[in-house]
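See structure below.
Just so it is clear, A, B, C and D label the chains in written order, and each chain counts residues from 1 on its own.
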Amino acid sequence: MSSPRGQIAHLGYAELRTPDLDGTVWFFENILGMTTTYRDDLTAHVRTFDDYEQTSIVIRNATTSGIGRLGLRCTSDEALDARVADLVAAGREGRWEDGLAGTGRTFVTSDPDGHEIALYFDTTWYQAPEELRPGLKNQPQAKPNRGVGVRRFDHINFLASDVEAAANFHTELLGARVTEQIQMDDGRIAARWMTYTNKSYDVVYTEDWTGSNGRLHHLAFATENREDILRAADLCLDNGVPIETGPHKHAIQQTFFLYVFEPGGNRIELCNPLTRLVLAPDWKVVTWTEAERAKGQAWGLKTIESFHTYGTPPLESAKDFTYTPGILL
Amino acid sequence: MSSPRGQIAHLGYAELRTPDLDGTVWFFENILGMTTTYRDDLTAHVRTFDDYEQTSIVIRNATTSGIGRLGLRCTSDEALDARVADLVAAGREGRWEDGLAGTGRTFVTSDPDGHEIALYFDTTWYQAPEELRPGLKNQPQAKPNRGVGVRRFDHINFLASDVEAAANFHTELLGARVTEQIQMDDGRIAARWMTYTNKSYDVVYTEDWTGSNGRLHHLAFATENREDILRAADLCLDNGVPIETGPHKHAIQQTFFLYVFEPGGNRIELCNPLTRLVLAPDWKVVTWTEAERAKGQAWGLKTIESFHTYGTPPLESAKDFTYTPGILL
Amino acid sequence: MSSPRGQIAHLGYAELRTPDLDGTVWFFENILGMTTTYRDDLTAHVRTFDDYEQTSIVIRNATTSGIGRLGLRCTSDEALDARVADLVAAGREGRWEDGLAGTGRTFVTSDPDGHEIALYFDTTWYQAPEELRPGLKNQPQAKPNRGVGVRRFDHINFLASDVEAAANFHTELLGARVTEQIQMDDGRIAARWMTYTNKSYDVVYTEDWTGSNGRLHHLAFATENREDILRAADLCLDNGVPIETGPHKHAIQQTFFLYVFEPGGNRIELCNPLTRLVLAPDWKVVTWTEAERAKGQAWGLKTIESFHTYGTPPLESAKDFTYTPGILL
Amino acid sequence: MSSPRGQIAHLGYAELRTPDLDGTVWFFENILGMTTTYRDDLTAHVRTFDDYEQTSIVIRNATTSGIGRLGLRCTSDEALDARVADLVAAGREGRWEDGLAGTGRTFVTSDPDGHEIALYFDTTWYQAPEELRPGLKNQPQAKPNRGVGVRRFDHINFLASDVEAAANFHTELLGARVTEQIQMDDGRIAARWMTYTNKSYDVVYTEDWTGSNGRLHHLAFATENREDILRAADLCLDNGVPIETGPHKHAIQQTFFLYVFEPGGNRIELCNPLTRLVLAPDWKVVTWTEAERAKGQAWGLKTIESFHTYGTPPLESAKDFTYTPGILL
């Protein structure tokens, strides 16, 4: 098998399901400050101001919340074909399709937990319309004057019944590197953070406590700085968007975070890594023990219970969870 | 004469003239993130999210740019009457009127340079409509999700042909305190910063190089933090709002600043004092010499020439100034 | 009785007791970034870089933690005498003394809960030695390059067995204004925030759950911005300073906060109000109900239990509390 | 020739020459907040808190300022050997050596302008001594409580008489990618920005106006956020470190910057890219024209003259430049 390291360039786009398309689009536009580039009765395409491809997230009207496809952009057409050859050789099923949302020929497969994964290289670089032209030519579009103005679709955190199997799909077949993980006292990997880039993570798997498959823990968007996350918390408070937890600093990966629920019910993270990158080619995986995880976040915040009991779509077995935002009037 | 110290509570509102009402309102709403509470063909009332009175700025359609009235709120009805008695005793002309923009009985006079100054106590506390209700009851309205979201109408900088005479009006008749000033080598006061509060300044007079009267140097709005000023600079760059100078830190008063021109031509400052206050009751005036002023701003930025040659309304004698924003594409 | 409003200018200094003088001084120098101006075996004087008086905090070696005197600076000698006359007329005991730490003649009394309160006007303006000369003449000393570099001794939060009685001492005899308070369902005032300035609070009383007197909830220092508080949290984490709670935003007063325990055991707050001020002369007291208080802080953080069970000096009745910092490794 | 893309992992270390070793070390420790790990009469090794290798910068006592070797870490031993084979095949001279400052076997060569370039793979991961242990196990050492606390040795900007030839060395032989450049009207490349990572640049060449070789424009260190750069400017102002220009935002690469001169005379940049990364595998080079460059920086600041006339070591032909820091007493 050819060495895949470096053949996946970065996260492309994700499909998000929502039972409240209008509400979800309102959230992406007015809280995250993203731009809608396409809209019909069932679908909206939205983008951050600094993603160079046309589309960051494809929002789909659906009967429930949850995640659809994750698009991964390869470094070249040859890299795409090499990845597909390896996937086929490893017995993963898949099919060639026309791409979504401005992307070209695409190989659609799934991880062992059932999340749809799509590989492509051809893509459409965003061309801003006149009214969204940026002031500087090295930026795809003007910075929005609405909402937070997130810079980038940053990472995805999938729930999976078997974290290790799902994560191996990325490391063994697609060339991802593990940077950090949680290992329980019985040896089980409860969560694993992986990267395709110099970011410290792009794709995460977290154990699904319900044992079900194909669910989402959260989608995350990178802000320019921490102040934008503090501002986001104020905007959420004043606009009735439920805050789950944060702003605070994760011990794992040291990300400054805010978790909120968009109107469709999906958990969304606003994240800021400051300027932290993983540059070492031989990075040593950081393993957190069950005891260390139990200590909570960097500055002492205990991890909120719903973080371990809520995913989308919500399941019967998880339905006893009722989120009550802990905010004042 | 009774001691006036403490009888003026704070800046209330200002009237701003613009030849481009739509453009000016667009700027206040979309760049500053202020809320329009009243609008007709000739007038708009706009407010910051944290000013407790109904109106921060009354924008007037006019043939030219410039400043109208400055409203100062007294600490009580008795303080208002005491100030008026002193003004009359000192020979200043004035008249009682109904107030503007939610304020009650008002005494209208002018400073020696001809800027209209209005004193009042009765005012209308802002009541946010349902859709602008804040999340916390100690805040007048929700934080806007558009533009910078300035917190407060912070200060006004008037041009005056005789700075000392104009400043004395505030210190001798209204109880303002001088905190800093620029004194030229010939002894002339070229600029004076005064406060009615614990802020380090509320009202400033700067010498009008044209020798004319009643003009404006700039209006200033306080942001929550410096990041909001850096973000404002990006929004201005991407939205075609000309930046005159900044972001940078003033040596005088240590304010972090950004100066821009709103579409009507008036200079607007976004300012942030960090947490600096003047608490000393016997503050010693800080006097900057001509040589010190020539050194420029705190971190070494030379003061831009237009800062000394542009005011509103622009005069014949100042008309040779053509502003060319120094920004890329 | 003469109207006292405006006769107290601001908080001057506080005396802090510590059983670990070296540890406490290390914390003030290396975490808060304050400057020691005097040190002997039993005492240290420390100052923030922007307090204009010589001393912000007098640290006293003691058998236990806790608070000593609070110094309040009057607006003039006449104001000092007027306050003392009112105190005497109201039957409060007190004595004239030479002042502490650079202050002149001082009247020492106590609030009804037994906290020592000292009034003075004469004070020593700080003169920085050569190596601490600031770059700008409107700043008392150079900004420290160690620790956070807090700007100001910002406020004090006293525990009191009877909050209303203690608070009345400040409002009725010294001219403080109430800005916010917590009122329990039985009508009891559980906490009251008062100001002598345009800051939204300077002195706070919180109900002492042990029923004892003269104790301290916390001392607070204002940082220049919120980033300094996030940085402080990192410095505390890396230097073994226990974080009690935060960084987060209070619902009450909207302060961005971090609570830590200095090595002597006293709770210290790093606080940032952004640019929020109370300018209205007729501010309407904001009253939070028992239910609202139970909701926790602005963005949903539940108030940590130790916040309601720990004060200094710790009492027998409070000794079952053992603080375990909730931080990783 | 084998494809080198991806075989250089990242910048390792740089050697900096100084005629004032004590002064330079003082600056790195007290302004940048770096840690000295080795010191003798002629040399100091300093590191940022988040560089995982032992040494970020080797400071050398010398008769003049300027740059020595730049270390580049390869992704593996095989990658190192492949790079060396290509260099030899291309006729570049070089030699194998023991490495500097904790690195292993090293191939030392030079770029066409004469700057020493060293390739290595073996390196020593930093092990913090007890007193510098971090609070979180995914961080190499505690965050310093002195100075700014820069996170990373970020990039180097070399002066070169022939920019294109020097840049081609990195792109053709080492696999760097060009992200942005300045092209003069006569077609000459005046500056070129290249990256080995997802950072938007690691190595820059700028035309040396003196026509000489081997000189340095500046070394740059990444701060965690923009507030750290604003704080650095205050620290420099108060500690007598000359600020050349900034803080401001570059149009090219959009970096938030501050340029200062360390006591040895070398230009040092504190830089912050916010969260900007170049993730596109087929990034289209952004070319700035002579006219665009003349416009100055993003928010309108004109590029300061000394930026085009000062490099280290200073030459006879450049000696008419006398830097006068534009700061107020």
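The rule we apply is simple: contacts are C-beta pairs under 8 Å (C-beta built on N, C-alpha and C of every residue); 3 or more make two chains touch, one makes a residue touch a chain.
In UniProt terms, the chains line up like this: A, B, C, D = Catechol 2,3-dioxygenase.
All values derive from a computational prediction rather than experimental measurement.
*Asks:* How many steps does it take, at the fewest, to get from chain B (Catechol 2,3-dioxygenase) to chain D (Catechol 2,3-dioxygenase) if each step moves to a chain that touches the one before?
*Replies:* The distance in steps between these two chains is 1.
*Asks:* Looking only at C-beta pairs in contact, point me to the busier pair out of A-C and A-B.
*Replies:* A-C
*Asks:* For chain A (Catechol 2,3-dioxygenase) versus chain D (Catechol 2,3-dioxygenase), what separation do you get between their C-alpha means, in angstrom?
*Replies:* The answer is 33 Å.
*Asks:* At what distance in angstrom does the C-alpha mean of chain B (Catechol 2,3-dioxygenase) lie from that of chain A (Catechol 2,3-dioxygenase)?
*Replies:* 45
*Asks:* Multi-chain contacts only, two chains or more: what residues does chain D (Catechol 2,3-dioxygenase) have there?
*Replies:* Correct list: 135-137, 225-227, 234, 237, 251, 292, 298, 327-329.
*Asks:* Across the complex, what residues on chain A (Catechol 2,3-dioxygenase) touch chain D (Catechol 2,3-dioxygenase)?
*Replies:* 5-6, 9-10, 50, 52, 73-76, 125, 135-139, 151-152, 180, 197-199, 222-226, 251-254, 272-277, 279-282, 284, 286, 288, 292, 298
*Asks:* For a test of understanding, state which residues of chain D (Catechol 2,3-dioxygenase) touch chain B (Catechol 2,3-dioxygenase) in their complex under the given definition.
*Replies:* By the definition above, chain D (Catechol 2,3-dioxygenase) touches chain B (Catechol 2,3-dioxygenase) via 226-227, 230, 233-234, 236-237, 243-249, 251, 256, 258, 292, 295-296, 298-302, 325-329.
*Asks:* Can you name the residues of chain D (Catechol 2,3-dioxygenase) that touch chain C (Catechol 2,3-dioxygenase) in the complex?
*Replies:* Interface residues on the chain D (Catechol 2,3-dioxygenase) side: 30-31, 134-137, 142-143, 145-147, 149, 225, 227-228, 231, 234-235, 237-240, 327-329.
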